[in-house]
Amino acid sequence: MSLFFAYLSVVAALMSALVALATNWRARLQRLAEAILRRWPHAHSVAARIFSETHYREFHRYSLFVLLGFSGLGALLAGLGTLMNGAVLTQILPFGLPWLSWHIRIDPLAGFFLCVLGLPLMAVSLYGPGYVREFEHGKHPLSALGLFTGLFVAGMELVLLADDAFLFMIAWELMSVASYFLVAYQHDHAANRRAAFLYLLMAEIGAIAIILAYGVLAGFGGGLTFDALRGASLNPLWASIAFVLGLIGFGMKAGLVPIHAWLPEAHPVAPSHISALMSGVMLKIAVYGFIRFTFDLLNQILWQWGVLVLVIGAASAVLGILYALQQQNLKRLLAYSSVENIGIVFVALGLSLIFLSSGQAHLGTLGLVAALLHALNHALFKSLLFLGAGAILHQTHEQSLENMGGLIHRMPKLAAVFLVGTLSIAALPPLNGFVSEWLIFQTALQGGLIESGVLRSLIPTASAVLALTSALAATCFVKVYGVAFLGLPRSHHIAHARDVQHRGMLGGPLLLAACCGLIGVLPTPLINGLGTLTHQLTGFVLPSVSALGWLWLTPVAPKVASYAPTLVLLGMAMVGGLCYYLLYRRTRLEPRRAEPWDCGFGGLTSAMQYTSGAFSMPIRRIFQPVFEIRESIEAQQAGPANIRIVALRYHFHVLDRAWLALYEPAGRLVLRLARGIGRLQTGNIRTYLGYSFFTLIFLLWVIS
Amino acid sequence: MAWLLAILETLLFVGAAPLLAGWIKRVKCRLQNRKAPSVFQPYRDLLKLYRKQPIAPHPASWIFRAAPYIVFASTVLAAAIVPLVAVDLPTSRIADIIVLVGFFALGRTFQVLAGMDIGTAFGGMGSSREMTISSLAEPAMLMAVFTLTMSAHTTNLSQAMNYVLDTGLVLRPSFVFALGGLILVAIAETGRIPVDNPATHLELTMIHEAMILEYSGRWLALIEWASQIKLMLYGVLIANIFFPWGIAQDFSLTTLGYGMAMIALKLAVLALVLALSEALFAKMRIFRVQEYLGFAYLLSVLGMLSHIILETAR
Amino acid sequence: MIAVYLLLGIPLAGMTLLALRGDSPEAGLLNSRLNGLALLASVWLAIDVLINGPELSSGRLLYIDSYNVYLIALTAFVGLTTSIFSGPYMAHEREIGRVTARRLRLYYAMYQGFMLAMYLVLTTNNMGVMWVAMEGATLATVLLVSLYRTPESVEAAWKYFILCGVGIAQALFGTVLLYFAAEQKLGVGGEALLWTVLHENAHALDPAILSLAFVFLLVGYGTKIGLVPLHQWLPDAHSEGPTPMSAILSGLLLNDALYAVVRCKMLVDGSLGTHLAGNLMMGFGLLSFVVAALFLHRQTDIKRLFSYSSIEHMGLMTFAFGVGSPWATFAALFHMTTHSLTKSAIFITVGHAAQLAGTQRMDRIRGLILTQPTIGWGLLIGTVAIAGFPPFGVFASEFLVLVATMDDYPWLTPLLLLGIGLAFAGLFRHIQPMVYGDVPEGQKAIKANLTPVMVHLALVLWLGLSIPTFLGNWFNQATQLISGSMPQ
Amino acid sequence: MAIAELTLYQQAILLLAGLIALTSFLMLGQSRLVRLVSIFALQGCLLAAATALAATVLDYPHLYVSAALSFLLKGAVIPILLQRLIHRMGLHRVMDTIDHPARVMMAGSALVVFSYYVSLPVVRHSTLVTLNAIAVSLAVVLLGMLLMITRRQAVAHVVGFMSIENGLFFAAVVATYGMPMVVELGVAFDVLVAAVVFGVFFFQIRSSIDSLNVDQLSKLSEADQ
């Protein structure tokens, strides 16, 4: 059954890709419809209306996203079904190589990630029709967008369903290529082209690393199906090689530091609903790949791997959020925060690996659950935030925080929905972001149970880094909300922005916000639902997730830690409501409106507020060594002999150190090598004859 | 019964907070040999503010109006889960110490948002500084807390206190370090000298005050009260985690009364220490706060390491 | 067996016919019709072989087995599609006066001559005749390279001629040695050059002589494959000749040279029992792969760019054949197919793009997608396919090569990884600016026939998704023939 | 076994082999195109003679044919064609001097030794003595390449190319008493066509860079200009 839903979702995605091709086929389709439906006047009139000049565009646009919605729904149902009954269904499709046809398999792990994919996808399908309308009149055809969106989604779903290395890689690369075309969709901007190139290049290298990782297993397992790979028995050295290759490959897609450089370039330049899918879902597919490879396919786990993952994850988390904090472009900021969240997920995975390798299965399971939960949460609120940013972009054509402000007055509905996303990504109770981070902390705090003292001291340190990260994340998103939505508008078009009109463009984010709230308040059922999954991977189910009843979350034991988000929400509502009643209802003192305090000078302007750059300045100074900051002050002078300075303008630009240290040298090296090689080809035929002459001599000398 | 007791305790907590603030003020005045107001002055102030008509600046949105309630509510909730006079109250099961930090974060977030809602330089300045300081203080605090929880094997506050009570007086180097770290963090988080000066009226030096500059009337009352509760929260945390002796482990009236007396005593002493330090030190530059908090973090890490190296027999 | 004679007869007749009527307006059509007939013949042959198994002609001069039969079909197919494209293309060239009537006659005659040589290389059973046909292919195309008579084209043709001539001469020396080795065992007579006979008695042949022979054969035919450092003629010839010729050179000639080398390898392996031949091929293949990938970065001429990519891919195939495990061999055979389909499609698109922009300099070709979406997307998709992205077929073979190498020679994988990464970057850094971006002023769409491109890419896509059973059987049998066992 | 114990025919073949090698050396040293071509013609004739001799020794009739072919092509047709071209292009006075004649000669002799060393395993276990001539033929091939590498004139390149062909042909004769007929014919045909094509190219090159100096044919290169 769930397999059926999975196929349904894939087919629906491909269908929407096909439908997209029909953008400019109105006339043809009309003639076709007339030819077919001549018999039935009623249907004929319907068709006539659909294919009329006026309706066709809209009909086409909606059909695209309705199909995507079905795809999302199918994925969600399939995933839930599998998680419920924990069944493992396999099937073999007649595609692929003659001696290796496509193996399909859906198990709880895949099911969970199908859910992770399904929810944002449904939100996007609500959101899309309103968002892409403006593209219809642009120079870039909607057909390309729709086609590659469909392929992108289908690719991601197939990655989850693949049960042999070959199909996995096909789907994986399909996902990469399709998203590449989506990044390059508005290719008249040079930045987009550059980002797309970088993205595809790194995707390619990562993919090769993954292929090699599979190659190692296939060499020992003697086959390319996942069953064969599971059967491979490797010595620790080869296992570590495979693991590192896998970490590089999947980490590159997931955006771990320092191989994250493509991410903040590529995610912002894609159309926003695509950014939502890329940041919210695609990165999770990479996480899925890592989990599948490490927890499922590799037959052993070494604690060194856990340490490696833990360290890299912690680094990604803190660096990601530090860079996010310094961004002025909203979508770029969100992309960097994705690096941070993926880092957090990998910290949890690292903890889980360490515990599993040291035989603490239940704690390993706890870490894994925390990681999965955070992956889901990030998928939800990051998609929500990207859709919100897209809505702002759509209404005001503004991406830079420096020009925003006061949007809460202009677009109150969006502001309310966006606030939910902000609070949950800032990991504040009682929303979902907090639950997963709480679980991760709980996992880390059990580090005392590990034999080796080094690890015992390493784990708390990592968790402290995590604490720093979450605090910085709060800072970062307070900044975002405060600068974008609160205060006074910083530019004219923001001051006259209109709230989102299209119902779906609010409905999509609203759906996600609802999920955030729900998971935040009632995490227990979900975590219990993961039991089948953890049982499959670690052979262990969290013992007492709800030892005190369904209200309580007690991951380890009631005495160790407990958290009842529902009661927290209740309590806050009660206290807050009580105060409100006592303080407002009793004394009916209406607040008086007045000018804010201006030190008595008068005339506060929006230019006097703290800008986004100013807000993050202390952090910038405190963490100086992390950034490569380019600052400049330009003075506008006037008056006699331009002595008097009338205006000062301060520019600053924060560059990614990874970029300067890793990528640019590599590029230069390649060019130098190419030049060196080029010297060999002089163009003189006698030299060429010399080459073949000496090749011959050399070979003769070799063999005799 | 237990629930009723828990609610009563919470009410007591909330009610006693201004008293502590008044007491600290009084001691400070004495130290600076000024004429001191009565210890009940804070109550009068709150009542006065409550009666006044609040003023909302023009750019303010609903966030500005909602923030005080959320701040107050989150603080009260935090107060509810910290054992004051008795351990094993049901409320302490609702949330553990990490959630406590979460509550603080929630309240802070809304206060900061409210500060930025007005669109003045002061609001932004205060918010930025507040977030910076807290983002440095939070890891330090968690590290300190983790030290405790790792030896107690629980993050649940009353469980931790039980653990300390059961083991009796043990001189743990880790606890000493953690205590130092937690005190430093507490000073920073509650906005006392040398990090922030609650009594200042020069906008440029304000942090906490700058954020709430626009508040008045009942809103201001709520926020002031919330910060008083927060101050007391930290006091109770330090007192009850590191010196839990005297706290009631069963709900008989005598033990409860004894516990109340004990906590009052401990808080009074802590208040004395705080007042003394505030009288002795001067406020420091904003960009030296990082060194201050870095030191707090260092203490906590040392605590953690000493716990691992010195205390676990393996 | 009639099919084979048809296959050889059609182009022979076509050559003479077109040598006379090549300048007539319908020559292009005639050319493609002839190729169509050849394709039919090849399909007939293929079915025949598929049903009856390997066939040996009377006199044992021609031999068709599952290895060469699919190459024959492929050759015929690419020959047909390219000729469909070449009709309008040459007509356009004639209009703008780049070619005269005489040269047009020469062009069409030589097109058929080249096809004849290709079919002969593939079908013959006699190593000597194979050599003759290979040299014939050079002679047929060399005059086409200098068709435009520009100094560059003459230079390119001269280099092509001399280098390939010298190379092929060494191949002849190798053949002589082969004959000599065989003769010692099988006695004097025509028998001793027949591949079937040699293959049967490979184990008996003198290893020393055969390894010596293989060196000469490898250097000789390797020059034609374009293995570094014997490749210098290739980019020149590809970039200076008319585009259809670049397409068939890349799509067919290189393949067939590789085919010859592999035939020789099968003999040598049979005799030596060591992996010498494989190692040599791996060395050459890897060198060509990496060096060509580096060269991609400094190209300015679009056809030159893709000719280097051809070198790179031939290097990969040579490497894979050298690895020699069933997976690798399967991959190499599969790669031969997908590469020649994709690459010829790309060259066709490139031809249109060059006509559109009026130049082959890549820095002057801009905004193709917005100018003429079919050409722009065709070029982009083609490049994506040749860069080895799924669901296109090239990916499958690269995947298998990587896995197989990881299996047998793990320490070589970093080089492969490097090569693929470099090649990808080298291609896309040039392609992206050409297809994307705004339209340069004055650039207008042209009349283009991209059906062949679409057909090729569709085929490659289909192969990437699923290999039809009969083709799969071919590949499997060929793999067994070459590597000794079927992949599984 | 020592040469004295061979039959006259075999001795004669070995002698011819020596002469052919000598002609290659002469070509290597010769800087006048006209003489170069005539030496090449001489080599062709020697080759034909050797073939004919082999034919008589073993009376293989088809070797006579190939002897005739090689005499016609290498000894007569191609040299005459080349001479014609040289005169029509006024190259008969052109000196194509090589930079370091001594070194080139040394290299040539080194090549002879090398080719002997390479062909040892081939010769090792074999019945016919004439086989030693394989070393010579290999030397001729390599010398031909050396000639092409050292010369700048296109004509010299053609001659070098053809002398490589001679070497191959000689190898075929001495090692295997000629290739099968069909191959012989094919090769001969190819050589003929090649010669014609060369002729065509001379004019094309001439018209593009009004000389036949191949060093000027270096527009297409990858090095930075």
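Letters A, B, C and D mark the chains in the order given here, with residues in each chain numbered from 1 onward.
Keep this in mind: contacts are C-beta pairs under 8 Å (C-beta built on N, C-alpha and C of every residue); 3 or more make two chains touch, one makes a residue touch a chain.
Since the structure is predicted, the reported quantities are computational estimates derived from the model, not experimental observations.
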Chains contacting each of subunit A and subunit C, listed by label: D
Chain of greatest Cα-centre distance to subunit C: B
Chain pair with more C-beta contacts, A-B versus A-D: A-B
Approximate Å spacing (C-alpha centroids) for the pair subunit A, subunit D: 70
Chain centre separation in whole Å, for subunit B relative to subunit A (CA means): 37
Centre-of-Cα separation between subunit D and subunit C, whole angstrom: 31
Centroid spacing, where centroids are CA-atom means, of subunit B and subunit D in whole angstrom: 100
Overlap residues in subunit B, where contacts from two or more other chains coincide: none
Of all residues in subunit A, the ones touching two or more other chains: 675, 677-678, 680-681, 685, 689, 692, 696, 700, 704
Residues of subunit C engaged with two or more neighbouring chains: 158-159, 162, 166, 170, 212, 295, 298
Chain pairs that touch, as defined at the top of this document: A-B, A-C, A-D, C-D
Subunit D-touching residues of subunit C, taken from the complex the two chains share: 61, 126, 128-129, 131-133, 135-136, 139, 142-143, 146, 149-152, 154-159, 161-162, 165-166, 169-170, 172-173, 175-177, 179-180, 183-184, 188-190, 193, 206, 208-209, 212, 235-236, 239-240, 295, 298
Subunit B-touching residues of subunit A, taken from the complex the two chains share: 405-406, 408-409, 423, 426-429, 434, 438, 441-442, 445, 447-448, 451, 453, 456-457, 460-461, 463-465, 467-468, 470-472, 474-475, 478-479, 481-483, 486-488, 548, 552, 558-564, 567-568, 571-572, 575-576, 579-580, 583-584, 587, 589-599, 604, 606, 608-610, 614-619, 621-622
Residues of subunit A touching subunit C in the complex: 94-99, 101, 139, 141, 165-166, 169-170, 173-174, 176-177, 184, 187-188, 190, 193, 196-197, 200-201, 204-205, 208-209, 211-212, 214-216, 218-219, 223-224, 670-671, 673-675, 677-678, 680-681, 685, 688-689, 691-692, 695-696, 699-700, 703-704
Contact set on subunit D toward subunit C in their complex: 118-119, 121-122, 124-126, 138, 141, 145, 148, 154, 157, 161, 164-165, 167-168, 171-172, 175-177, 179-183, 186-187, 189-190, 193-194, 197-198, 200-201, 204-205, 207-209, 214, 217-220, 222
Contacting residues of subunit B [partner subunit A, same complex]: 50-59, 61-63, 65, 69-70, 72-74, 76-77, 80, 93-96, 98-99, 102-103, 105-106, 108-109, 112-113, 115-125, 127-129, 131-132, 134-139, 142-143, 146, 149-150, 153-156, 159, 203, 213-214, 217-218, 221-222, 286-287, 290, 297, 300-301, 304-305, 308-309, 312, 314
